[in-house]
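Chain nomenclature is as follows: A, B, C, D, E, F and G, assigned in order of appearance, with residue numbering initiated at 1 for each chain independently.
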């Protein structure tokens, strides 16, 4: 499968279908202007650097289930999967 | 119940129904363009860091009743509860 | 009565009716796009911090009569009183 | 007469009628989108502070006749006089 | 004649009529969305200060013929002359 | 063939046709508001400098297959090829 | 001919007609929302200064053929020639 390395503080995530929601049973509303959705982190970006040249760490890690805003980021379809590249700052939270 | 860990300076709050308003009897107007609402803080974000690398403290704490602007943040429904993820800077005040 | 502690550089003020205007007889125009109004400061926010970690002082104090822009801030009704939470930087001046 | 102490870098000015224009005979156009007007400085704000904590000086002083943009600032009527609270940075120039 | 002292980095300029264009024969297009015009610098502002407190020098000087954008700045009519107060950064170039 | 040297942090890329997509079989959706596309990096810009005067390195290199947003950058046609000049920060990721 | 000295980081360029395009045969599309065009650099601005007071160097030089965005900058007609004053940062690349 093709590999996508996101640039900078971006992450690559895979949208989760309704039947893939977490065991806790999160149901995401389908009507709000800004609909959140669950997704799984596939890969992290090349990262950014702070003012002292140190690489800024990502808070999320590969495999995390995250809540994202429906209209953030850019959709990419890879090998039939709906993927999304978005900035880590557009991830609302981690579901566990 | 599923757990949601907000990222960065975000907090997770639970909207309070009218019959859950504080003993002091705050009635929130339903007509203004930007309607404030009462909510209870459920969990705090992973936090941010200031320029010296020190974690920025949250002013609110879990269990606080807070006033929020109706249109701020992103709604999430978890186990039948209306939750909201919003930046702490969008919390107007703490009700006691 | 319920107590509201504004967050950060916000202040809580109580709008003053026309018959509560200052002795000096300030009459506020009712037609301008941005109508100023008189209000009394009820409580100060938790404050912010400058770059050296020192708390930023408020210029206004509880009890001050202030001029505010009509459309700034967020209205809150507490125990029948029209209150308003707004940033101190949106206060135009102090009336004495 | 009621006293208004502007906050921060704001100043309080009194609009000058056409028959109060400066001896030099400045006539201000009445058609432009952004109409300048003459006004007299009534009082200076509480001032701001620079990064070293030193108070930033005002360039205008009480009594100065100044040119202001018609739509800047906020109108206040005090004891029958048309006053205006605006940021010093919105004053275009001093007339002498 | 009334004197106008522009504030900060602003300059006061006098629009030049078509028959006052420079000897080189610059003809300014009358159709573009943002029409440049020739003007002569009448007076310089009180200036600004850089981070070390040193006054920032003006690049233009009194008497310079300059190209300005038609819609920048604010028109002022003084003793029958069309004057304009604008920021030096809105001057496109000096004609010689 | 004419050579184009992008300025600053810009890069010059060549859009890839559908039959030029990577072996992994990435199919890009044609309906989204912001359609990503695959492109190949042709040349890097002259670069920028950080606060210490050091040249900022590019993360992508000539020959990289990258994902770009359809509406970012500026199209240029050179010798019959569809090229695009865009900021490196508008490149979403590298495909391998 | 009249001389125009651009201010700051601006440059003065002369638009090139289609029959003046570079030998490499760059054909610029005429339909895109933001149409790039070829131009030749006529003169450089007075320059800006960085935080240490050192003059910032221009990357382009007089005589360079450059690609510019059609809607950037301000048109000026001098002695029958279509000239344009624009910021160097709006130049996309150098053609050689």
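One rule holds for everything that comes next: a contact is a pair of C-beta atoms (placed from the backbone, for glycine too) under 8 Å apart; a residue touches a chain by one contact, two chains touch by 3 or more.
As the structure is a computational prediction, the values presented were derived from the model and not from experiment.
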Cα superposition of chain B on its sequence copy chain G - rotation in ° rounded to nearest 5: 155
Chain C and chain E, separation of their C-alpha mean positions in angstrom: 41
Chain C and chain D, separation of their C-alpha mean positions in angstrom: 23
Contacts with 2+ other chains: residues of chain D: 51
Overall pattern in which the protein chains touch one another (line/ring/star/complete/other): ring
Traversal of the chain ring from chain B via chain C: B, C, D, E, G, F, A
Residue numbers on chain F that touch chain A, as the complex places them: 22-29, 32, 34, 36, 51, 59-60, 67, 69, 88-89, 91-96
Sites on chain G touched by chain E in the complex: 1-8, 10, 12, 45-46, 51, 74-80, 85
